[in-house]
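Input: a single structure, listed below in structure tokens.
A, B and C are the chain letters, set down in written order, and residue numbers restart from 1 in every chain.
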Amino acid sequence: MVPGTPAPGDVWAALHSVRRSGPLVHNITNYVAMDLSANVLLAAGASPAMVHARDEAAEFAGIAGALVVNIGTLSPEWVAAMLDAATVARDRGIPWVLDPVAVGATSYRTRTASDLLALRPAVIRGNASEILALAGAAGRGKGVDSTDSSSDAVDAAGELATKTGAVVAVTGEIDVVTDGRRSVQVAGGHPLMARVTAMGCAASAVTGAFAAVVDDLFLATAAALAVLGLAGARAAVDAPGPGTLRWRLLDELHMLDEATVLEGTRIS
Amino acid sequence: MVPGTPAPGDVWAALHSVRRSGPLVHNITNYVAMDLSANVLLAAGASPAMVHARDEAAEFAGIAGALVVNIGTLSPEWVAAMLDAATVARDRGIPWVLDPVAVGATSYRTRTASDLLALRPAVIRGNASEILALAGAAGRGKGVDSTDSSSDAVDAAGELATKTGAVVAVTGEIDVVTDGRRSVQVAGGHPLMARVTAMGCAASAVTGAFAAVVDDLFLATAAALAVLGLAGARAAVDAPGPGTLRWRLLDELHMLDEATVLEGTRIS
Amino acid sequence: MVPGTPAPGDVWAALHSVRRSGPLVHNITNYVAMDLSANVLLAAGASPAMVHARDEAAEFAGIAGALVVNIGTLSPEWVAAMLDAATVARDRGIPWVLDPVAVGATSYRTRTASDLLALRPAVIRGNASEILALAGAAGRGKGVDSTDSSSDAVDAAGELATKTGAVVAVTGEIDVVTDGRRSVQVAGGHPLMARVTAMGCAASAVTGAFAAVVDDLFLATAAALAVLGLAGARAAVDAPGPGTLRWRLLDELHMLDEATVLEGTRIS
């Protein structure tokens, strides 16, 4: 095991800390993702808020434990609020997570992601196509679903981490987390999760909750993905389809106990 | 029992009236709450509509049986539409419900809630932190989840009701409903309901449906909360987590029959 | 059987084609419908994207397999984006579906629907009240739920199809699909589906997915409605309420196999 690899006990400690602290997570996320993100955060023990008006986003970011900015559904007003809120987060040392949904699909998205990147997100989470596009490599994404595999994006993720100072997570069949020096793989989840909308966005939201309470953001990110993957894998057992998976995931996340996390964490 | 306390038979009559009339409930509510609010209204027998454009909100309010204004996710255009629609509702005697989500958390929210309050909502529903903040007391809310208990807010609710002429509901472990003269407690629900996003918003939406068909708004509000609490408590039986609770709540609300309501109503 | 009536084998071939191609479906749809629409599209095998900013809607429409425009929740910016995207779709021969939610309820809605109609949608799907209103007949709709039956709207649908060149679908207890020359009835579904919000919007979204991969849009529309109705009817078996129905619908849609489609399709 690579030195610095989070142990199952670290993952449990991180989840326990989220539950105990109930961190306020400020989300500026897309319309499709709001419901699942809020419910996943509540099931994980955090306290979600969705605040995007330019008149209040910056003020609200200042009282949050973490900020999650997801560019899934954009508009000029929202982009302005994202930049305002991210600036406050950066200036005050509040960790903020960038989810560059479908970056590369339109020039507006690419420009917005680039402007946000300049505000130094603490964590970046995307699928392989998005991370490749963000790193300037040749993403071949179509819309929001990845057409590249995580492993293709590993090099791009490392470069992106080194260049930006962020922890970068590429999620897919196997998740990869890197800070440019350390790099781990997080196994878990289930293919059916890709048939539930906004599951990747929910992963970003949960990462925000963990980043709010765990100082080591590399650990926070790996732990968040491990926990969500574990809940998803358990939810998928005998699930006939994505409808069942979605609600069971929330139940499993709510019920995860120490033994299950210690036994089920797969970080290497 | 205090005179004027709604009896179980009143609660059932109110639910039956919602189902028979299928009132059109106009919601200007936050993005996170729209799905659950619409589904709870449909499960209760009402007909929900979400209409927030300034070009049509006022016109639409005029054809609705009730209006629900929820400030969860704000923007200048929406605030203008909220004020337009509430003005129409007030002028035409259409009952309207104010849900002051996270009032006190930012100055924009506090200002907006104050402007809406001046348009004389028929009912105000919030958690303890929100009612305290709205009444000018020292709310200690963080985001949308209450950090105060309902009982702390009882005095504030009474003052708010007297000052505004509205029925005020403080929801939490025990709900309190007051019109400044009468005051009742509504028991029911389950702690797991707080782990499902927008459950409070859904309570406001259902209150709108009951206010559309029951003239006595004190009764309408207590009955709406009793019905939702009863459905929630039944949904929580053996529920492993919030995922299950959410869909079962809709089933239970849809299935509630006279015997169950008469037996399960807890208003005192 | 009328010549040109889609056979069960055609319906299965169409669903199989959606699953194999995973078409990118660009939705500009209302806030309430986004979650269910995206999940229904994923369960059907398509790849949904929700993109509504004026800065990117037209560009995105150009890379999509189909466009779905739903006027459920309007704002001036969105209407502009809808018109931009529909223009691109029309000019490039990308099939686009119009869902005229609650047209007739406000003048803003009626005006917007009329502007969109001028951009020649390939398919129009609405409930009876909406189709009557769109055809200029006397819709008596209240909000988004139909107060007319499908059969009342059959003549209006035929006229609308002839006038616009679109395939027109009127959904309700029995769905009717016509292109002005051919006309079929699609049986299936369950009354409980009307107690789940945005089910009609989801039908429009699925129609978009089928229109992206089946050249004959009359067949594509009938097949989409047959598939959704079949999944809904199966989901409703022993369902205690709308909560259960909603998630089971996604499971059933995901699981539909050839034998079930061949046996369960009811187009006449």
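General observations
Following the convention adopted for this analysis, a contact is a pair of C-beta atoms (placed from the backbone, for glycine too) under 8 Å apart; a residue touches a chain by one contact, two chains touch by 3 or more.
Here the structure is a predicted model, which is why all the values come from computation and not from measurement.
A rotation of 120 degrees, rounded to a multiple of 5, brings the CA atoms of subunit A into register with those of subunit C.
Residues touching across the subunit A-subunit B interface largely differ between the two copies, under half of the numbers being common to both. For the pair subunit A and subunit B, the distance between mean C-alpha positions equals 33 Å. The set of subunit C residues touching two or more other chains comprises 31, 35, 246-247. Of all the residues in subunit A, the ones that touch subunit B in their complex are 22, 24, 26, 31, 34-35, 38-39, 42-43, 47-53, 55-56, 59-60, 63-64, 77, 246-255. Listing the residues of subunit B that touch subunit A in their complex gives 30-32, 35-36, 72-76, 102, 105-109, 142-145, 194-198, 239-244, 246-247.
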